[in-house]
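Each of the two complexes below includes chain A, the first together with chain B, the second together with chain C.
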Partner chain A sequence: MTFNRRRSLTGLLFLAPYAISFVTFIVLPIIVAAYLSVMQFDLTAKGSIHYVGLQNFKEAWADQYFWSGIKATLSFVILMVPSMLVFALGTAIGLNAMSRGRNAVRALLFLPGLLNVAVTAILWGWFYDGTFGLFNFLLKKVGIGEVHWLSEKALAMPSIVVMTLWWTMGGTAIVLLAALQQIPRHIIEAAALDGAGKWAMFRKIVFPLLTPVLLFVVITNTIGAFQVFGQPFLLTKGGPELATRGLVQYIYETAFNNYRMGYGAAMSWMLFAIIAVFALLQYRLLRRSVA
Partner chain B sequence: MKRLAEGLKNGLMTFLGLVFLSPIVLMVFTSMKPESEVLNPESAIPKHWTLGNFQHVLGWSEEAPFVRWLLNSVFVSTSTTLLVLTFSSMAAYAITRLKVPGGGVFLGIIVGAMMIPGQLFLVPVYLLLSKLHWLDTPAALIVPATAGGFGVFMLSQFMRSVPESLEEAAILDGCTTLGVFANVVLPLCGPAVATLGIFTFIGSWNDFLGPLVFMDSVRDYTLPVGIALYQASYYTQYGLTLATAVLGTVPLIIVFLLFQRYIVESMSSTGLKD
Partner chain C sequence: MSPKAVFGGMLAFCVILGTIRANDTVIGGRKKTELSFWNGWTGPDGTAMLKMIREFNTENPDVEVSMQRIEWATYYNKLMVAELNQRGPELFVIHASTLPRMRRAGFVSDVSDLYSGAGAIRESDFDPYVLDQVKFGKEKIGLPLDIHPQGLYGNVDMLKEAGFVDARGNARLPVNREEFMRAIRAMMKTPKGDATPSVWGYSMTMWRNNFMSLVPQFDGHYLSKDGRADLANPGNIAALTFMADLAKNKLVPPPENQLGWVGYRQKKVGMVVDGVYMLGDLLRLEDMKYIGGPIPIIGNHAATMADSHVLCVKTGLSPEKREASERFIRYLSAHSIDWAKAGQVPARKSVRDTPEFRAMQVQYAFSKQIPTMEYPPRSTVLFELDFEIDHATEMAIRGDETPTAALKAATVNLQKVLDRENKDYGTGATP
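Here is the complex of A and B:
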C-alpha cells in the first residue's frame, strides 16, 4: 500500500466519530424536516398529517408577515455584519499592537460574550428603557430629552445591533487576533527588511495570510445574523410594528405557538436558501480578492 | 515619540476594554443593592451594600434548586466541550492533512449545513431523541451538540496555515500519524483549539432552547432555563434577577480565565512566536 493510500485510510478513521454524529443529528433531521415541509402537520388537530405538495411554500410567498420578517432580518444583517467586521478587525489589530496588558484587555472585551441572551436583554432593556433607562438618564444630565431607543421604528433595530455588538464583538476579535498571531514572525521581519511600509505590509502580507480566517469570520457572522432571534424576541418582542420581528421569530411563532410544524419547516427551508445564496456570494468574492 | 505612540495605543485599547466592562460592573453592583435602590441610577455604587439577594437565591428549595442546576450545567458543558474538541480536531486533521477522499466536498457540506436555521432541527431531533429514550437525560444535551460544523470548519482553516514542512519532518523522524496529530499539529493550533474550547463551553452553558425542549423535570434543568424559570416568577424584583445572572456567569468567567492562560502558554511553547 502506498504512503498516501494508507494516510487517507487512517484519515477515514479520524473522520468517523464526527461523521457519524453529523449524519445522525444533522443529515437525518434534515431529511425529516424536508418531509415535514411538504406535509400539513398541525399539532393542534391530532392525527392530521397529510401530503400537501408545495402548498406551504406558496402560502409563504403570499404571506405579508413572511416578507416583513425577511425585511427585518435583512436590516439586521446589513447593519450588523459590516460594523462587526470593521470593529472586530480594528480591535484585533489594536490588540496585536499593544505592548502591555494585551491579555487583560482581550479578557475585558470578551467578558460580555459570557452572558446568556436573557441576561443581556434584561441588562440592556434597563439601559434603553424610555423613562427609567440609564441612557436617557445620562442624556437628561447633558440636557437632551428622552430618546425612545426601542419604541421608535427607525431606532429599534440599530439599538439591537449596538447591544449585539457589545455582546459578541469580543469573540470575533479573538479569532482574528489568534489568526494575526499565527502569522510567522519571520515573514513579517523579512518583509520589513525588504523595506515594506506598514500599509503595504498589511495589504500584501497580513491580509492574504488572514483571508482563510477572515472568510470564516464573515461567513459565520452572516449566518448567525440571518438567524437572529433571541435579542429582538426578548428586548422588543419583535415590535414596534413588526420592525424587529425577523424571519426566525415568525417561524418560531408559527411552529411552537400556532403548532403549524409543516408551514414552519417550509419557511425554514426558504430562509436557508436565502442564507446559502449570501454565503456563496461572499465565498466567491473573497476568494477572488486574494487570487 | 515612539514611546508616546505606544502609550497612546495601550491607553486607547484599555479604555475600550473598560467601556465594554462597565455594563457588567453595573450588573454586579445592582445585584448588591437593596430593592429600594435598584432602579435609581443616581448612584451606580450601592449606598447600602447587601448580599441578601444572593442568600435568597442560594437558599435551597424544591422549586428552584439552584445548586443542582449549577452541577447539571457543569457536567453538560464539560462533557460537550471535550467531545466537540476531540471529534472536530480529528475530523479537521483528516480533511486538511490526511487528504481523505472527498474531504473537501464533505467540508463544503458541513459549512452548508451550518446555514440551516437551528429551529429546523428542533422537531426532528426531538423525535429522534425520544426514539433513543434520551429525553430528560444529559445525553440529549451533549451528543447532538457534537454534530455542529463550527469546530471542524474553524480548525480546518487554522490547520491549513500550519507549515507542512514541520509535519514532514516529524514523519521522517518516525512519528506515527496519531503522534504527528497529537504532538505536532494540535500544539501548533493551540490558540485555535483553546478558542474553540471556550466558544463550545459558553455555547453549551448558555444554550436555552435545547434544555427547554428536551428536559422535562425541574431537577434536570440547566442553569439558563432555571434562571429563566426563576425570572418568570420574580421579574419585578430586579435585584434578585440580577443576582441569579451574576451567579450563573461566575463559573463561565472562571473557565474563561483558565483557558485564556492556556492560550498564552501554548503560544509561547510552539516556537512560532519570537
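Here is the complex of A and C:
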C-alpha cells in the first residue's frame, strides 16, 4: 500500500465512527421522516400504513393547533434571539474589558450550559414557584406580592426565555468574546489616537468586525430557538392556555401521544422548511451588511 | 501476547457480551422463568407493589418477576414503542379507559382463560360494569386489579372547626351542594388587611378529572349515542359552569396559583377532590388528620368518575411464560387487599367484602361510589378527548371563554378527530 493510500485510509478510519453515527442518527431519520410524511401511519393501528400524498401537509395547514404551535414558537424566537444577542454581547464586552479574573468569570458563565435541560427546568421551577419560589420570596422581602411566573399567560413565555438565557448565554458570550479578542489591537489604538469615542469605536470598528461571528451566532440561536421543547415541556407543559406549547411539543404529542407518525413527520418537515427560510433570510441580510 | 492481540480479544469479548440477552436463568439445575412487569406506579403504590412482587417471587421460586416503573406521563409512549418493537415486557398495566387504543395495536393478549378452568377467577367476583371494560367481543384482554374512583378528601380539624361533625362528634364531609358551599365558606380564612384568603375551604386539583367527576352527576356525556362528539350538552355545561363559578366568585384559589393537592397537604385547603390513589401520599404524613368520602351531590344525583388498572399479558408468549404470567396475575388479584393498603379499591368483590377492607376508612368510603361511578368513554381517541377537555376547562375556569363556548369549540375539534378516525379505520371511535 502506498503512503498516500495508507494516509487516506487512516483518515477514513478516524472519520468512520462519526460518519456512521451521522448516517444512522441524522441521515436515516431524515429519509424515514420524509417517507413517513407522505404516509398515513398510526402506530396503534396494525397495517394502517398507506400512501396519502400531501394530505398530511394539507391537514397541518388547516390545523389550529399547528398554527398555535407556530405562534408560541415565534414568540419564543422573537423574545429569545435578540435578548440573547444583547446580553451575550454585553457580557462579552464586559469580559473583554476585564484585566483580572476574566477566566474565573468566563468559567462561571459557562457552567449553567453544562447542566441538563431537566435539571435546569427543575431548578428554575423552584425559583418560579408561586408560593415557595425564590423569586417570590425575594419580592416579598421588598413588599411586592406574589407573581405567577409560569401560570400567567403574559409572563409564562418571558419566564421561559429568562431561564433559557441563564442556561445558554455562557456559550454564546464566550464565542463573542473570542471574536472580540481577534480584533487587532492596532486598529483600536489607531482609532483612539484619532479621537474616536467608545460608542463610535464600537459602532464603526468593533461591530462591523464582529459581524461574521454575529451572523453565525444569530443563525445558530435562531435554529435552536425554533426547536424549543424541553424548557416549556418541563416547566409549563405548554400552558397556560397553550401559550408556551411550541411546534416541536405539538409534533412530539402528535407522534408519541396520539401515535400519528405520518402527520408528525409532515409537521417536522414544515418546521424544517420554516427554519431553513429564516436561516437563509438572516444569512442574506447579514452577508449584505458584512459586504 | 502482543498488545494488538489483547486489544482484539477484549473487543471481541465486548461484542459477544453485547449480543447476549438472557431470557431465562438456571438456578439449582431448574430453569427459572423471567418476567418483566411494567407499570406507572412511581409513588408509594410502587413500593407496595414491589413488596407483593418480592413475596410472589419467594413463593414461586421457578419464576422471577422484575418490575419497571415509568411515569404515567410517558408510560404509554414507551410501552407502545417497546411492544411494537418486540422488546416490551411480558406483563404490563393498562388503564381500562386506554384499552381500546392499546388493543388496536395488537400486542395485548386475550386472557379469557384466567376466568375459566382450573384456578379460575370467577367473573361474578367483579362488578359487571368493571368487567365490561376488558371485554372486546368474545375476548377479555386483561384482569382488573382495582377500581380508582374520584372522591372527596377533607381535613378533619378544619371540618370540625367549620361545624361538620356527626352525632358522635367526629368530623364528617358535606354530602350535597348546599353543605359543600357552606363548608367552603366556613373554612376560608382571610387575615386582617389582606384581600386574599390564607386558608381555603376547597381547591380544584386536576381540572379535567374534577370536571369528569361532576359530568355523570349532571347526566352529561362526551359522545352521542351514534358516536359523534357531544361535549357541549346541557349536563357538561352545567358541570363546567359550577366549576367556573367557583373561580369567578373567588371561592377557590385563583387559577394562576390554585394550590390543589399540595395546598391540601399543607393544610391551606380544607377539601379537595382526587383519586383514591392519592391516599398513599397522605399515609406518609404523620401530622395530617383526614377523611375521605363520596363526592357531594352537586348535580342531579350521586356519581363520580373512576377507572381501573388492568393487568395485561403480551401476545405471542411461550407456554412457560404464559403460564407464569397468568400465575402472577392470579396472585396479585388474590392478594389485592395488600394493594388496597397502598390506596386502592380492589376490583374483586370478595376482597372488598372482607372486614380488613371495611376497616380502611378512605378506601371503603370511596368504594361506596362504585354503583354510580362512570369510566371515561370507551374510545380509541381518548387522549385527544382528554386534551380537548383540558383546554376547555382551562379556558372556562380562567374566565377567557364561557363554559358553553369552550365546550362547543372542544366538540368541533373532537369531531374532526372522530371523522378522521372513521375515515381511516372505518371502525368508529367506540369499539
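As a working rule, the second predicted complex is superposed on the first by the 236 of 291 C-alpha atoms of A that agree within 3 Å, B and C clash if a C-alpha of one lies under 4 Å from a C-alpha of the other, contacts with A are read in each partner's own complex, and residues count from 1 in each chain.
Simple rule for what comes next: a contact is a pair of C-beta atoms (placed from the backbone, for glycine too) under 8 Å apart; a residue touches a chain by one contact, two chains touch by 3 or more.
Remember, predicted model here, so these are calculated numbers, not experimental data.
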item: Partner chain in contact with A:E152 - chain B first, chain C second, else both or neither; value: second
item: First, second, both or neither for A:I251, with chain B first and chain C second; value: first
item: Touched partner set for A:G94, first chain B, second chain C, both or neither; value: first
item: Chain B versus chain C as contact partner of A:L54, first or second or both or neither; value: neither
item: Partner chain(s) touched by A:I174 [first = chain B, second = chain C, both, neither]; value: first
item: Chain A: partner with more touched residues, chain B or chain C; value: B
item: Partner chain in contact with A:T44 - chain B first, chain C second, else both or neither; value: second
item: Interface residues of chain A shared between complexes with chain B and chain C; value: none
item: Parts of chain B lying in touch with chain A, wherever the complex brings them together; value: 6, 9-10, 12-14, 16-18, 20-21, 23-24, 26-27, 39, 41, 86-88, 90-91, 93-95, 98-101, 103, 106, 110-125, 127-128, 143-144, 146-147, 149-150, 152-154, 157-158, 160-161, 163, 177, 181, 191-192, 195, 199, 202, 205-206, 208, 224, 227-228, 231, 238, 241-242, 245, 248-249, 252-253, 256-257, 260, 263-264, 267, 272-274
item: Chain A residues touching chain C - in the complex, by the definition given at the top; value: 40, 42-46, 48, 64, 130-131, 146, 148, 151-152, 239-242, 253, 256-259
item: Residues of chain C defined as touching chain A within the complex; value: 76-77, 80-81, 84, 101-102, 104-106, 255-257, 259, 262, 380, 383-384, 387, 391, 394-395, 398, 400, 413, 424-425
item: Chain A to chain B touching residues, read off their complex; value: 4, 7-8, 10-12, 14-15, 17-19, 21-22, 24-30, 32-33, 36, 91, 94-95, 97-119, 122-124, 126-127, 132, 134, 137, 166, 169-171, 174-175, 178-179, 181-182, 184-185, 209, 212-213, 215-216, 219-220, 223, 226-227, 229-230, 248, 251-252, 255, 261, 264-265, 268-269, 271-272, 275-276, 279
